[in-house]
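Chain naming follows the written order as A, B, C and D, and within any one chain the residues start at number 1.
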Amino acid sequence: MADHLLEVRDLSVRFHTAQGIVNAVNGISWHLDRGETLAILGESGSGKSVSASAIMNLIDMPPGEITSGQILFDGVDLLKKSEEDRRRLNGKRISMIFQDPLGHLNPVYPVGWQIAETAMAHGKPKDEAYARALALMERVGIPDPKASMDKYPHQFSGGQRQRLMIAMALVLKPDILIADEPTTALDVTVQAEVLSLLEELQEETGMGLLLITHDLGVVAEAADRAVVMEGGHIVESGTPRELYHHAQHPYTRKLLAAAPGKGEMRDPASDEQPILRVQNLQKSYGSFAALKGVNFDLHAGETLAIVGESGSGKSTIARLMLHLEPASGGKVLWKGEEILSKTPREMGPLRRQLQMVFQDPTQSLNPHMTVFQIISEAWVIHPDILPKSQWKDRVAELLEQVGLKPEHALRNPHQFSGGQRQRIAIARALALEPDLIICDEAVSALDVSIQAQVIALLGELRDRLGIAFIFIAHDLPVVRDFADHVLVMQRGQVVEHGTVRQIFEAPRQGYTQRLLAAGLDSDPDVQAERRSQRLALAATQA
Amino acid sequence: MKHSMLWAGALLATTALSPAYAQDSAVTIVLGEEPDLVEPCMATRSNIGRIVLGNISETLTELDVRGDEGLKPRLAESWELVNDNTWRFKLREGVTFSDGSTFDAADVKHSFDRAKSDQITCEISRYYEGIEITPSVVDEHTIDFTTEPAQPILPLLLSLLTIVPSETAIEFTREPVGTGPYVMSNWAPGQSITLERRDDYWGEAPAVSTANYVFRADPSVRAAMVQAGEADIAPSISAIDATTDMDASYPNSETTYLRIDHSVAPLDDKRVREALNIGIDREAFVGTILADGTQVATALNVPTTLGWNADTEARPYDPERAKALLEEAKADGVPVDTEILLVGRTGNFPGATETYEAIQSMLSEVGFNIRLQMVEVAEHEQYYSKPYVQDQPVLVGAQHDNSRGDPVFSMYFKYHSEGRQSGIADVKADDLITRATAATGDERVALWSELFGYLHDEVIADALLFHMVGHARVGNDVEFTPTIATNSQLQLSEIGLK
Amino acid sequence: MTMTDTSDTVRAEEDPAKPVSGLRRVIAMLWADKLAFVAALFLLVIVLCAVFGPMFLQDMAAKTNLRARNAPPFELERGFFFILGGDALGRPLLARIIVAAQNTMMVAAGAVVASMIIGSALGLIAGYTGRWVGEAIMRLADVIMSFPSLLLAVIVLYMLSPSIANLVLVLAITRIPIYLRTTRAEVLEVRQRMFVQAAIVMGASNFRIVFKHILPVILPTLLTIATLDFAFVMLAESSLSFLGIGIQPPEITWGLMVSQGRQYLTSAWWLAFWPGLAIILTTMSLNLLSSWMRIALNPTQRWRLEIGAKKNG
Amino acid sequence: MKTMLGKRAVSSLISLFVLIVMVFFLSRLTGDPAALYLPVDASEEMRQNFREIHGLNDPVIVQFGRYIGDLVQLDFGESLRKARPAIDVVLEAFVWTLWLALITMALVSVAAIVVGSIAAFNVGRPFDRVASVLSLIGASAPDFWIAIVGIVVFSVSYGLLPTSGTGTVWHWILPIAVLFIRPFGLILQIVRGSMINALGSPYVKTARAKGVKNRPVIFVHTLRNAMLPVITVIGDQAAALLNGAVVVETIFGFPGVGKLMIDSILQRDFNVILAAIMVTAIAIFLMNILIDIAYALLDPRIRT
């Protein structure tokens, strides 16, 4: 009964890993037809990408191993076909694009050639292949396609690279396009553009689109149907609307609940002296001005969100404040005293008051240290905080504070999941009992559910310990329920500065409006609305 | 890659052509090291002498190493003692140099002055030191040498003086000109030197028309080359490789010995020195580490040398007595337990290291406290020549080569209290040396052999070890029998072709 | 990607590997790579020889006996230690090889450890401090690199006497640049990592950052190089002996034995063969072990061994 | 790129100068050339005279001044022993070494890259095992040992090749073969390692997803990326060869700079030592620049 273009039946894949055998997917089944878009929704480790890799024959065996199931394409079981036959399908009838296009494009070849190669690999003559490549680069909206043909991946922006990937995948007009987290690494505005590009192309070619994502918003925006995966199982499936309004499975509900930007907004209520004043802060690399004079104040116990897309200079502010880079100009007054001009020695004692939580918890924790060492290092450096005798108890206390177990203290970072690692990073920051914690994209690398938990944790700490936060993020919804003030940045400048309510309910600047519009909402209906807004905006501003 | 191969080929084509392709009556001779120069006045250096002596350059007189005719005429037809201090040489006529100029007395004078000049350091000049020698041209073909003091063996000394034309500048040359049967036709540094036969040679033309010299450091490679037919003669190969019927051994006039510095205790004690001598089982080396035919030495010079003393007998190996002697010395308060340093030179001769290792263990057996140290040549020189290392007793293992037939070339230098490498300061020895040097005829013979006996039996000047043999490998299509002189020269005229 | 995702969650769930089981795990991973396992065993034997050999066999190895000169191998009537034959002075080869192991290992280990410590120390400084100091150090490295090692050997061994210690000195100096350059390159990369930044934010001293945070990360690389270098140094030492520089009798190393035995290759092959074999096997073992380490120390490759371990263990 | 080359040139000059200074003074600490040059029984005045002629009597610092003075006029001084300009002697020898190094490295690179890639693609399979073990055995044997065995076997026993020396292409085979072994083993390992990493990288996944055949996946997509680390190693190995393959040159009587070096060191022929060091140092500098260029050609990210 080959009534579907592509059908996965009872597929089970397992991997041999350091920790033994892992069943990545267990007997999952789904199908996809021409012209429709199926979303596989799941968080990291849910096995959402495994079936795709299986279809494309990209699972290395070992360590991978397909233990059961069929993959029917046009009614034929791919798993029974020869390597060569499957190669012939790849790129010709089934194509795939990936997250992180920079890594997935070969750094040492011109993009033009890489796109054309898809065609050449399937026997198209060189000139025709290049002709198609050029046409597609034009179609996916690469500026000056002719010249761009000879450029290399590193010479393009993130969004353009993803467009190039798409072009590469569509050279031979495949029947199916698999997009694995195609927009995750991208800025919100770019994400929206890429998604709509995919839709247009789908309409043109009538291909089936398999969209693998962790983002409910993406599902709401683009999918016709969706399956929700957890721990290698499909827990629920249906149209976005069904899933949003009548979610059956608790996990699905959890996901929906976790989606940011739904809770109550805060109203700042402090009027005493600010603990931090940033005045005309500037940074330039050679001739390029990354930060063009930024000003803001921060009151004790308050949270300031700094929002902007990549290259807006939001992280630079943090790095300058903490002496990770020298500033080119301006002042930073911490409790009244200027700290930019301080020497490392003078800075030493102050550092414990200003702490930072980094974006990628995997990298910000030293893999060679145990959790205990990582946290207690704070007191090795600042012995006056705590006598050695109390370290053990304090570490346990901190771990519990951030929702981990005391016995975790003896493990190494790699034995934790991303979210847990970020909690450890937070515990490390707390160990110094700081007055201000700067969170640089502290949650953007985390799954939505984890994101929600971590933000909740931070909020709780703020209320309990009265710590002030600077919360740096690239999309607005995340900060909506958490911040008191919001600073919107673009190209090294503050575009708009206001209370969270003002920013979200009455954005004054076009850029802010566009940001808001570009943010994807998990409610299909809201999202549909947003979409029309976005298009309207684009029209007016174009 | 292919290309680079081709280029390499091209490059090679331009370089010296391989011996294998040279025409008939050509021989290839493989030597241990390439000479830095091909300079007649350096001919006493063996790697130069082998190429130059008797081939490119000739001397007035030459020592007969095959028969026993003693000193034979070469460029000089005859010589006589005009008075005590003056020798007169009659020169051969009708001899031309390879550059066409004719040979006459002026050339001899110039050659001598050039050799003695202080603008270049000619090795052969060292044989004329300490004597005032003035050559004076009598006529075109007669020359007098006046010496102060009288120099009985001047004709022998002149067997070392290579004759160059009077036009030769007083600086080292790379294009040697001589009266010899051959002329150097090509020198590709690092690869080969080629000699061509001269048609206008005064004497009878030798059989070999072209001689090609190549250089390989490793003895086994040299041996292999002859075996593989890439070379015809390898004048010195290692005894270990000398196992085929192509190989001939020859006394190479080298004598190995342990030089003892008598000035440092306990080696200042005669009993200790005797113990040293009888503590070494010399016989055991022959035919094992060292080649068959190696002789146990009783003198620093080989038996064919003038005045060699047949009555002195090698001391037999006697460990018991050696121990006893040491005990005795010890009883008299001689510090026999002091560590004695035995210095050997790596690669001095084939099996050098093994030899010294064996000696060390033998001497330790009889109760010496010996430390062996093998050193490279420069360091060896530090120990070998004065001023000596004084802080501890030292035995220097060394080799001495004198194929010139007269002890004069060795004795002053090795045993006179003034000698640069003399371990002894003995009045009687000094006196004997001075007298013998000045003496002639039987008196000279008597004095030398007295000295030999005295040094060996009375003084026990040093621990004499062996008269060494060298090994030559000669290819099947040439005939050549190595002689005692093969170490220092190799006259192509002595090579026959089959 | 898929794999790491899955293993990620698993890690979070399953129990942490207890430090105790570390050794067992290493052995299991060794066992997974049979060649590496054998190599490790062989090296263990060599080390034992090096430590205890001279104690028991010194005299036998030094006793010359010209009657047993070049005694052929595989004959027992002269005693077990003549199983590999005798050398040019009739000394039992087996005994000599065992005794020589000590010097050989001392030279190699000494040189490698010394150069590794000095080299990586300089590398850390060059990588972490200001660029002027760094530049200076790098130039120094260039000089050492283009300084002909033979000349260095002659100079050192001439001015100071030729001894094991001095040979170690020579070899160590010539190897320093390798570690220096690698360390510096790695430091320049690692110092940009987040956890180093985090340490700075906490106010950690340079010393602490370098030794607590950077060094542990680059150590595996250095160790891999070291194992390879160990082999290299052994060969270098033998070449020196061949050229008549370096260690001289009555001291013995394998390299020296080979170069002394080479002239007998045609008449008594075993003189050069056995010590040569010892060198080959040791260097090979080290190579195998280091390529095993390269996988074992690389998290993305380790599974190859771990599966093996499961299959075989 | 240009400015970088400029910097490199300057810094290399600095190191070269330091090198010369060190070699000049240190080598003069290693004994009196006269003692080596002249026969042992040469008299003291003869030695004095020799030192006089070669200016060895002046204080070392004066000698150094003189040397540098000449050097700036590109006069590298005379060889003590050969009575020729040192630079001629060195260049003569260097040509040989250069060819030896070039040919060997060319062969090594190609062989190691091909075998290494295939091994990496079959990690753990027989081919991989055999390749690495064989290369290891070769790389682990002392080179002089291999060289002599080689001569005994190929030249003496079977007479296939000339034992040693120069002349025909055949004369090059044994030396190159011996030199080949060690760098081959090393580079093979590097290639294998970096290929394994590259094969695991995302862009290979992409290529597979595009339906590219295995061969181009290895030799087009992976290899070029994997080459980057390899090139550096090739450079180092080539540098080592340019410094002269002393052992091989000595055994095969190959008139290269390595043999020249060891000879002049043992004979304390200072000018030749210095000239040799300078020539090789410059050659290596030039080669490193070639390496950089190759690097830039392979990796566009460096160009911009």
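In the analysis below, a contact is a pair of C-beta atoms (placed from the backbone, for glycine too) under 8 Å apart; a residue touches a chain by one contact, two chains touch by 3 or more.
Source: prediction; values computed, not measured.
For chain C and chain D, what is the smallest step count along a path of chains that touch one another?
Tracing touching chains, the least step count from chain C to chain D comes to 1.
With centres defined as the mean of C-alpha atoms, identify the chain lying farthest from chain B.
Farthest chain from chain B, going by C-alpha centroids: A.
Hey, which pair has more contacts between C-betas, A-D or A-C?
A-C
Averaging over Cα atoms per chain, report the distance between chain A and chain B in Å.
The answer is 87 Å.
List the centre-to-centre spacing of chain A and chain D in whole Å, with centres computed as mean CA coordinates.
Centres of chain A and chain D (C-alpha means) sit 50 Å apart.
Would you mind pulling out the distance in Å between where the CA atoms of chain A average out and where those of chain C do?
45
If you average the Cα atoms of chain B and of chain C to get two centres, how far apart are those centres in Å?
Roughly 46 Å separates the two chain centres.
Pull out every residue in chain D that's touching 2 or more other chains.
30-31, 148, 152, 156, 202, 205, 250, 266
Got the chain B residues that touch at least 2 other chains?
In chain B, residues 220, 376, 378-379 touch at least two other chains, as defined above.
What are all the touching pairs of chains?
A-C, A-D, B-C, B-D, C-D
Show me the residue ranges of chain C that touch chain D in the complex, using the header's touch definition.
1, 35, 135, 138-139, 142-143, 145-148, 150-151, 154-155, 158-159, 231, 235, 238-239, 242-243, 255, 258-259, 262, 265-266, 272, 276, 279-284, 287-288, 291, 294, 300-301, 304
Under the touch definition given earlier, write down the residues of chain D that touch chain C in their complex.
These residues of chain D touch chain C: 11-12, 14-16, 18-19, 22-23, 26-27, 29-31, 123-124, 129, 132-133, 136-137, 139-145, 148-149, 152, 156, 185, 189, 193, 196, 200, 202, 205, 239, 243, 246-247, 250, 261-262, 265-266, 273, 276-277, 280-281, 284.
Applying the document's contact rule, which stretches of chain C touch chain B when the two form their complex?
By the definition above, chain C touches chain B via 62-64, 66, 69, 88-89, 154, 158, 161-162, 244-245, 248-250, 260, 262-267.
In their shared complex, at which residues does chain B touch chain C?
Going by the criterion above, the answer is residues 219-220, 238, 240-241, 243, 284-285, 288-289, 346-347, 350-351, 353-354, 356-358, 360-362, 372-376, 378-379.
Please give the residue numbers of chain A that touch chain C in the complex, ascending.
Against chain C, chain A makes touches at 15-20, 22, 24, 44-47, 49-50, 53, 59, 62-64, 231, 322-324, 347-349, 351-352, 354-356, 358-360, 363-368, 377-378, 380-382, 410-412, 414-418, 420, 425, 428, 432.
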